[in-house]
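Working notes, beginning with the structure itself.
Going by the order they are written in, the chains are A, B, C and D; count residues from 1 in each one.
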Amino acid sequence: MARTRQTRTTDPGAYLDAEGTLLRELPDFAKSRDTLVALYSAMVRCRTFDSKAVALQRTGRLGTYASSLGQEAVGVGVASAMAPTDVFLPSFREHGAQLIRGVTLEELFLFWGGDERGNDFSLPKRDFPVCIPVGTHFPHAAGAALALVHKGVPGVAVAVGGDGATSKGDFYEALNLVGAWNLPAVFVLNNNQWSISVRRQDQTAAQTLAQKAVACGLPGEQVDGNDVIAVREATERALERARSGQGGTLIECVTYRLGDHTTADDASRYRDDDEVSAQWKKEPLVRLRRHLTQVHGWSKADEEALLRTCREEVDQAAENYLATPPEPAGEMLANLFESLPRDLARQAEELGDG
Amino acid sequence: MAEMTMIEAVRAALAFALEEDPDVIIFGEDVGIDGGVFRATEGLVQRFGPSRVRDTPLSETVIAGLAVGASAQGLRPVAEIQFMGFIYPAVDQLVCHAARMRNRTRGRLSCPMVLRAPFGGGIKAPEHHSESTEAMLAHVPGLRVVIPSSPARAYGLLLAAVRDPDPVIFLEPKRLYRATSEEVADNGEALPLDSAFVLREGADVTLVTWGAMVVETLEAARQLAEVEVSAEVIDLGTVKPYDRAAVRTSVEKTGRCVIVHEAPLTGGFGAEVAADLAETCLTSLLAPIRRVAGYDTVMPYLRLEDRYMPSTDRILDAVHYVLEFE
Amino acid sequence: MAEMTMIEAVRAALAFALEEDPDVIIFGEDVGIDGGVFRATEGLVQRFGPSRVRDTPLSETVIAGLAVGASAQGLRPVAEIQFMGFIYPAVDQLVCHAARMRNRTRGRLSCPMVLRAPFGGGIKAPEHHSESTEAMLAHVPGLRVVIPSSPARAYGLLLAAVRDPDPVIFLEPKRLYRATSEEVADNGEALPLDSAFVLREGADVTLVTWGAMVVETLEAARQLAEVEVSAEVIDLGTVKPYDRAAVRTSVEKTGRCVIVHEAPLTGGFGAEVAADLAETCLTSLLAPIRRVAGYDTVMPYLRLEDRYMPSTDRILDAVHYVLEFE
Amino acid sequence: MARTRQTRTTDPGAYLDAEGTLLRELPDFAKSRDTLVALYSAMVRCRTFDSKAVALQRTGRLGTYASSLGQEAVGVGVASAMAPTDVFLPSFREHGAQLIRGVTLEELFLFWGGDERGNDFSLPKRDFPVCIPVGTHFPHAAGAALALVHKGVPGVAVAVGGDGATSKGDFYEALNLVGAWNLPAVFVLNNNQWSISVRRQDQTAAQTLAQKAVACGLPGEQVDGNDVIAVREATERALERARSGQGGTLIECVTYRLGDHTTADDASRYRDDDEVSAQWKKEPLVRLRRHLTQVHGWSKADEEALLRTCREEVDQAAENYLATPPEPAGEMLANLFESLPRDLARQAEELGDG
């Protein structure tokens, strides 16, 4: 069992710069127009969902919502590298990844609208629901990885968390276990520079978040989290390592939260517009669109068609969500255990079916 | 005197405490420039500086453990847990250290710390942002658990908590943060811990409650008055150790008791109140003791939240049951 | 049939479970070659191999979280927490995930996991090695809390816990691990969860208890029989959700009830049992309900431990009080 | 605020090898015979206490006990570098350090004998009592360091824990906070290779425990934990850094647990005698005695006198402990709060004074 302990602490690797200029040779998958269009479309779809969700929340038709504006490349890059047999464990900002995994837009709306049925995914049957407590899903990823090994499934458990999550013991304990047991798990850090109002540099004195892997004896790598190609490429390599029995990897994706923390937050209380404006120049969609335009003949018409499709799809899903009546109240008890304990019969009766 | 909401009263008490005692420090997630997600600490870092009001990394275990260490060495930390749903990583430090430092060192070291946390449902927040698990902490010997139910009580009890020589868990019903406002004198006067508040006197039935449920309970009492039923309403204020005498005295007078809390029924703190009465006031009881509580299930997501929360109607049903019991 | 102590019965049940279901795995601190500090897993790694029986790093949070993740993906982990005093770092994972995975995903994922922990006092262990905080966990909706009080019940209930489709906290009274032995058929037969055990029938008073206190309670019943008092002894077995009907039926018959537990009085699970009776059996009650429990303080170090633990004498005092009450 | 992120991963630094041969130039303090004799005496005193404690436990006159046999250099090296205004936070195996800090032998016996008065130290008034839960005292050290800064005391909080403790989230979260807040705290790892039956290499895949500091952006250093001079020298440097405002340090002391985990453990269940015998050759007392003998004329008579003094002192303390009657039971309630809440009056009465 070889253990690499190298950690890149140089500038995060990117293939495309903010202008969409090629910085180095693309990995094979990124030479295909279809693949790049798929990645780009997934990011656009995610952003469309985000803005609809914020709009619904603002008009009182959705609960508190955490937008992934500006960070779409992380979820899309990670999930696009994964296989169906892998298990995905999202934090609350990985809509882009969930959509690629097959969670429907309607399910996402239901979840954020405060309906548990939004977690009853029709497709990625074994993916975990959104984890609201920060960082507690990293141990689950270790457990999922253990189950995959035990069942002989060649899958990998992939968990995504934020920069703030790296301060939680759960993150460290789980990463340490992944190292000690050489489990097929990949932990991805969506480092968007902020944990609500706390800056990345006030969260930890570590120079990079990737170097936290050193504490647990496994490789850590920092990539440009605004370059979907870089994210996907790093994830592919980590998955390959894990699948071939070489154990876990920590990937830090350096990006930026362009929006408020959630719809309940007002980021102008604690950060300058200037900082945000500067970051807008580096956001992930534009650079890929430029590359697509320059190299693959992506046209204005292509762009408009894509936006229209996404909008229609999202609007339709929102309508379906809004038309879904709440569950009967009895469901809150009916789903607690596989079968209702005798002790709860009276309460179930009181709650009734309506 | 100034008109204050509960969140303003909390902030005023924190400012008063920071002002009066240089050893008081505040820390937690986003308590600095952001002023806390509910704005309890708004303006405090500007006024008292970042050495008195500090943002921590995102780690509830370390927030609690830091408070233990700092308080054992002479500071008076007032730490914030952003939502009670995230207090569990702090429980180990509370049970294993904060609650027992004095006992274990026979008084050589102690932990005069306060851990504040917004709690309870009713604001349609995301998962884990709405639970009420005061009973778990109230079972821990060595911890005080204090829950205010009005701006004035928030102000007075929080000051008492900060000045108390032992650890206090201070749970703030977030549903009440901005629900109403009242005149509060920002004069540094504390209210006594361990004493219940009789919010309304009555002769026919005793309603015992705490936290946000005070609202529904008072409303029930008001509606009962319309039908000539006189209900006494007791707000425990301090849940642990609670004012057993006040509850007993009331039930001895009324002979009937309904206990109301938002937390799930089974093992909720209402069980302790009922059990105490079943031991000490049995002969005064004219009817069974009813508890109106949350259901024994996970606090549902927001669409069903209203169906989970004890309502005035459920309280009235229970009152009528105990009144009509023969 | 073989004569077994409780620790042997636990081991036999674990071995049976490992044998019958390839998805059962065991992990925890020192559960491998060491066989667990109490030897519950002795010989299992040799028999089933290190992929079924694994030593974890020293991290209770990750033990619980690992169990959540593994069980949600189809395994049936039986994890060990070395002593209940170290379970608190696992509480967050239990409350926030294990207890609600099924509810939150509307049944898509669930956590058929068991968390075993030795608990309770009486073996003069160091600090934090002797507490009983079952009430904290019993308040959490979605968790079952099971406590055996004899070798046969340990065997049958543990098998039931492992096979149960939902999370079970299995607390083993360590004082009983080697206290006695009895014939246990190692035949894979489980005992029903959620059902109380009537250990002794009686007509004059109902004694409700669980865990190690079953010993003192049965001894009290024996001594009462000598003075012609017939005590019914009920062992809850499963504390949450518990068999309310069994307790009610008994108290309706006897009219008197004493509840015995080792955990501190206030907010202990005895409060729930008393509160339930105060609601449902008031008219049958001939006397106040007494609780005999640990004091509301930190479990003392070993020199004073005996003074802390509820004794047969304290139980007898309470029984005489309720018998003589008028 | 300069942040060093260098971590030595070479062989742990030592001044004396197992034979007592000098490996490099000694630090100044170690050139003084008096200082070395004091260090040696402290280790002998600790070992004498250890064997008495084990003997008392074996005869039912003490509770479960954790011996520090073979690891004396860690506690003695660390505590001898500390100032009275510093705050010490021990795990359960740091008797050597506690004794130097001024805790009396009798207090130690009382603590291990199950009497809370053993934590009511007469001398190091602000030192923490032994921490039984693994690793939970690291956050306290951060808190103590914060208090020292706040009060303007030029002290440092020093916590010692084991190799197993590094797997706990508490350790990591606290170290991260020390890094982020640049607190004057030193975390010492007493890496005795075992966490009960779990080997150091099964605890974490990290090559060294010292490198865990990389995750938190502060310096980590590995030293030979059987060389009291090396431990003290590293601690002095770390204290100096902390006192001069440069923040925290992680020190890993590589040593070996020669005895059972505690008196309740039987290490022969999980490790070979051969391994232990080999380690006996490296234990910390012999090498310093050889050096003292070779360089400072430490004589057989000196040695015997020291052993005698230690034995007498320890025996006397044990006698005093055994002669101390248990506290009145009422103390268990009387010390819970500063003053007894009304609610507890009935229970206090029931407990009585006896």
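Following the convention adopted for this analysis, contacts are C-beta pairs under 8 Å (C-beta built on N, C-alpha and C of every residue); 3 or more make two chains touch, one makes a residue touch a chain.
Values in this document were obtained by computation on a predicted structure and should not be read as measured data.
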**Study point:** Between the pairs A-B and B-D, the one where more C-beta pairs touch
**Key:** B-D
Review point. For subunit B, which other chain has the most distant CA centre?
Key: D
Check your understanding: Taking each chain's centre as the mean of its CA atoms, how far is subunit B from subunit C in angstrom?
Key -> 30
Exercise for review: Could you tell me the distance, in whole angstrom, between the mean C-alpha positions of subunit A and subunit B?
Suggested key: 36
Review point. In whole angstrom, what separates the CA-based centres of subunit B and subunit D?
Key: 40
Review point. At what distance in angstrom does the C-alpha mean of subunit D lie from that of subunit A?
Key: 44
Exercise for review: Spell out, as numbers or ranges, the residues of subunit A touching 2 or more other chains.
Suggested key: 116, 133, 167-170, 173, 176, 180, 202-204, 331-332, 336, 343-344
Practice item. Find every residue in subunit C that makes contact with two or more other chains and list them. Key: 57, 59, 61-62, 85, 89, 92, 96, 103-104, 127-128, 141-142, 241, 266, 295-298
Point to revise | Of all residues in subunit B, those that touch subunit D in their complex | key: 23, 25, 51, 54, 56-57, 59, 61-62, 64-75, 77, 89, 92-93, 96-97, 102-110, 141-142, 165-166, 194, 241-245
Check your understanding: In their shared complex, at which residues does subunit D touch subunit B?
Key -> 87, 89, 116-117, 119-121, 125-126, 128-129, 133, 136, 138-148, 150-151, 157, 169-170, 173-174, 176-177, 180-181, 331-332, 335-338, 341-344
Exercise for review: Please name which positions on subunit A make contact with subunit D in the complex.
Suggested key: 3, 5, 7, 167-170, 172-173, 176, 179-180, 182, 202-207, 211-218
Review point. In their shared complex, at which residues does subunit B touch subunit A?
Key: 29-30, 32-35, 37, 55, 57-59, 61-62, 85-86, 89, 124-129, 265-266, 295-298, 300-305, 307-308
Review point. Within the complex, which stretch of subunit C touches subunit B?
Key: 61, 85, 88-89, 91-92, 95-96, 99-100, 103-104, 127-128, 133, 135-136, 138-142, 240-241, 263-264, 266-275, 277-280, 282, 285, 287-291, 295-298
